[in-house]
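Going in written order, the chains are labelled A, B, C and D, and every chain counts its residues from 1.
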C-alpha cells in the first residue's frame, strides 16, 4: 500500500499518516517526490485496508502495490533517485565512469591507475582491498593495507572510492574509507550484510547475483531501502548461462528493465560481464546507449601481471580511448532525452 | 588444415592444390582474400599432413586449424564477408536495417508497413508467410498467399524480402520470393534444411538457436558454407536463461564475439531478444555500438491487433524515431573505425 | 473444452457430439477411457461455449481446459496411455528396456549387440541409421544400409526397433523399418516433421529438446495427437544448464512431472542425460524409482571404438549387470503401486 | 601435491614431512587412510617440486594434483569420509534420514514433528531458527526462541539437530545447539561464514548454491577442510534452470558425480529440489538408488499452515510411508555393494 499525499500537504499531515501506520503495527516510509510526497507501508504480510487512511487530511489516494518489492519500485517513486557521492551525482542524467583494477595490489599500482582515471574525467576509482575468492588458495586482497592505500588516494586525487565490503566483520573498516560500498554478486543475498549496510548511511553499489532474477535483485535492494538507506545503485555484471565462450552472459536488457521498473540508478560492468579485454569497449559503448547511469570498467597498469582478473582489464591506452568515446556517446544520449 | 597461397599464385597453381586435396579424398574450398587466396580442406576427420602440399608451387604455408569450425572462421578468412542482396550490401561497414511485422497478415498490413519501412531508409522488409508455432492451434501464417503478397511488395518498393523457410518442403517456394532466406532459431540445427539451403545460391540469415552456444551456431553455418553457400549472415535473437522478466535474454556480447571469431556479418534482433516493445529501442541503439552489421526490428500498423508478437512490435511512430537514431549512431560508429 | 460423456453413453450419442463440434468449425477427438468416453475439441482459438453441447443426450459435463495443451493432458484423459509395439506394451506398469548403440555402424556390431540385448530380457533395440550431427564433418550414419541391417535384426530377434527419423525426406524409409520412430531432441520443435509423424499411425518416441520446457514438450506432443497419432512416448534425456561436469543435466523430476500431468508413457535416457558411462547405471536405477515406464541406455561391443557417443556407452558386462538390477527394481516398484 | 607415505611409515616420519612442508612456507594436511597416510599441501600458488620430499624416509610417492580442489578430492583420499554425529554415522554405507519442517514455528509444531520423525527411524531432525529470506518482509524465523525449542528436542528425543547458521554473528549461538551446522545454498560462497565454520570442530552440511557448479561446491568445501574441519557433508538441493514447472531443477547426477570425485558424504534434498509435495517421494526414492548417503525431506503437522515451504512439505502420513520405503530401498542398495 502506498499513500499519495495531495500537492501541498503539510508536514503535519504527513506525520499524522505516519503515526496512523505505526498505530496499526507497520512501518511508514516517507518518499518525497518533486511534486508531492508518498508514504510507503512495510511490515504488512497481506493487504492493508485503505480505510485507515483515506479520510485523513492531506491524503489524495491509497494505491495498492502489487509487486513484492515496494520501495525500489517506480510505481512508488516515479522520480529517479540521484545518489550524491561527495558532490558527484549518479542518476541525474549524466554518465558516471568508475574505473580501476580488480584488486588493490600495491601503492604504486593504485597511484598510477588513479592518475590515469582522474585525468580521463572519471570521478570514481574502483579497487578491492578484501576479495572474496572461489578458491581458499587464491589471493584474498591486501586487506587493511589496501584500505590504507585507498585512503591515501582520496587525499591526493579528486576521486571517490568504490570498494567491496565482503562481510559484516570488516564492514566498519571498509565503510570508513569507501565513498561507495560495493556489495558483490556473491553477497547479493547475504541478508545480514544487507541489513548492516542498510543501517549505515552510505551509498551502496549492489551487484546482481550471478543467477539472480531482476525481481530478486529488487528484493535485495529492498532490504537496504527498508532499513532507511536510499542511496543505492544497482549493477549488472553478467549472469550465468550455458554459454562458455564468455565469462558470463552480460545481460544488457537488465539495464533497460531496471530503469523502467525502479527509480534507482543502474551501473553496467561489462568487464565482469564478458570477461575478455577486447570485448569490453564495444559492450561499454553499448551500455551507454542502453541507458546506464554509469559504467564500471577494470583497468590496470599491466594487465598481464594482475593478481586477479587480468584477462578482462584494459591497459591504460585502451582505457583512455574508451573514456573519450563514452563521453561522446553520453553527450549524444543526453541530447536525446 | 588451411593452405595459404603466395601472393601472386596463379589460378593453375591453386587448381593443382585443389586437385591434390581431392586425390587424398577430401574437399577443397577456395577462399579468395584481398591479398592472397587460401584453400580450406574439409571432409577429414583428423589432422591432414602438410607434406601433401608444402612442396607444390605457389604454396606459402600450411596452417593447422584447431577449432571445429573452419570455413566460418576469421583464422581462415580474415577479411569480412560482404553479402550482396540485390545491390544492398551487408557487412561492408554500413548499417543494414531490416524491419516489418512478425507475420504477413494481409496485403493492407504489409503494404502500409512497406511504405513506412522504405521511407525510413531501410532496404529490407521482414515478414513471415510460414510460421513455426509452439502450439498446433496457433496461427501458422498465410503461407502461399503470404508469399504472393511479399512478391508484390518487391515489385512496388525498393525493398529486399527477408522471410523464413521453415522446412524443406516449402523451401523452393519461399526461395522463389525471398531475397534473404531466414532460418529460424528452432531450425538452427535442422541439418536437412541447412543442407538444402547450402545448395541454393541465395543469401541466408541464420538465427542462433534459443540455447545454442556460439560454437554450435558456427557449426550450423559451417553446414551452409561447406556446401558452397558463403552468403550467410548470423543473427543474435536472445537465448534462454532463468530470467523471466524478459522473453529471452538478449546476448549482446554474442555480436562482439561473432565479429571477432568469424568473418560473417551479424544482425541483432532485439525484438525477439527482449520481447517488450518499449525495451526494443534502447537495445537496438546499443546493438549498433556493439558492432552489429544490421538491426532487425518488428513493426506493425497496430501492434495490439497483431496475430503474433504484438507485444514486441513497435508502432510506426516509435519505429520512425528509432530508424533516425540508428542512422545517427551508425554514422558515429563508422567514423570511429 | 472437454465433453465428458455419461457412463453408458451410446456410440450414436458420441457421434452426435462429434458432428456438433464439426458444425461449429472445430475438430473432435474421441478419447475412450476405462469408465467413460470424453471428446476433446481442438481448432478453437478462444473458449468454446458449453451451450452447444450440454443439452445433447449422453453428455455428462462440459469441462473447460485451462492449459495450452489438451490432448496430452491427464485432465482430459485420466487413464494412462498404453502404447502397444508389436505386442510389447509400454505404459502398462511394467518396465520397458530399450538398449543398443548410438549409431548402427556394421552388421556385426548390431547383431552382437542384439544378441546381448535380447538375452537381457529387453524387447527394444535402439540404434540410429540417420544421425543428425552438430558438425557437417562428423559421421552421419550408415543411412539406407543401416536401415537394412535393422530390418534384418527384426527377422532374427524378438526385438522391436527404435530408430530416429531425422527429416521428412527420409521419414517414409525409416518408418518402413522402425517399430518406434524416434524424434530427436533437436527436432522436438521441427513442426513439419511432427506433422508428418502425426499422420503416420506408428508409435513415436519424442525426445525433450535440450532447452525445452515441459510445457513445450507437451505442445510438441500435441502436434502428434491432434493429427490422430496417440501412440506417443515422451523421453527425458537431459537439458542444458550451466553445469559442465556432465554432458547435460539429467532432469529426473521431468519424469515425475510428465507422469502427473500427462497420460503418455515416459522413457528415461540417462546415457544422454549424463554422458559418462560409469554414471549411467546409478541414474538408470534411480529412473525406475522415479516412475519411468521405460529406460533407454546405450551399449556397444567396444565403447572405445564407437563412432559416436562411445564415452557414454556401457560395455556388455556393465549392461547385463544393469539389466538385472533394473528388473529387480521394477518388481519392487510394481509391488508398491 | 600429495605426499603418499609408505605402509607402515612411522608417526615421526610423517611429522618430518609436515615440518618440511612448513619450512618451505606451506601448510601440511595429514590424511590418514585405511592402509596408509597421505599428506596434502596447501598454500602454494603453483606447482611444488617433489624434490623437497622424495628422499625423506617413509615417503612412497609424490603425486601432483591437477584439480583446483585438493582436500575434498578422492584422488587425495580414496576412502569415503564417515561423519560421526553423536553416534549416528553418515557416509558409512547406511542411509541417513533427516526430516522436519522448513522453519521452527512453535514448540508444539516441533515436538509433534520430532515424535513422528524419531518413530520413523530417522536420527536427524531438521528445522531452521534463523531463516534467510528473499523478501525483508517475510517471516525470518523464531531466532533464539527457535534454538531453545531445538535444544529441548535434543533432551527429549534421540534426534540430532540439523539447523542453519545464516551468518557469522549468530554462528556461535547456533553451533551451541546444532549437531550439524547447515550452510544454506545462498551462503555457499559466503567465504567469511565458511572460514568461521571451518574453524569450529562441528559437522557441517554444505548446500550447493542455486547456480553453483560442482567444482565451485568442491572449492567451497575446500574452505572448510583447509581450515581443519573434515566433518563435512555436501547437499544437492536443486539448481536454477529455465524450467519453471518445478521450483528448481533437482540435479540427481550431482549425487553420482560427488560420490565419484569426492570422499565426502552426500545428502539429497528433493523437497527443495522440486518444491512440490507429491513429487518429493518418487525423487527421494530415486535419490537412494543414485547413491545418496542421506535424504533430507520436509515434513510438517499441517503443511497448508506452514509459515514457509508449505507446498513442498509432506504431511505425517505421506512422510511415514516414504520413510518405510526408503528403508527398504536402502537395504536393497546396501546388498548391491
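Of note:
Here is the rule we use: contacts are C-beta pairs under 8 Å (C-beta built on N, C-alpha and C of every residue); 3 or more make two chains touch, one makes a residue touch a chain.
Given the structure is predicted, the values throughout are model-derived calculations rather than measurements.
Following the contact convention of this document, B, D is the list of chains adjacent to both chain A and chain C. Taking chain C out in thought, with all other chains where they are, everything left is connected by touch in one piece.
The pairing of chain A with chain B is characterised as same-residue: of all residue numbers used at this interface, over half are used by both copies.
Counting C-beta pairs in contact across A-D and across B-D gives the higher total for A-D. Look at where the CA atoms of chain A average out and do the same for chain D: the two points lie 34 Å apart. A straight line joining the Cα centres of chain B and chain D is 49 Å long.
Residues of chain D in contact with two or more other chains: 211, 240-242, 244. Interface residues of chain D facing chain C in the complex, by the touch rule stated above, are 211, 213-215, 239, 241-246, 249-257, 260, 273-274, 278-279, 282-283, 285-291, 325, 328-329, 332, 336. Across the complex, chain A meets chain C through its residues 211, 240-242, 244.
The residues of chain A lying in touch with chain D in their complex are 42-45, 68, 132-137, 166-169, 186-187, 189-193, 210-211, 216, 219, 222-223, 226-227, 240.
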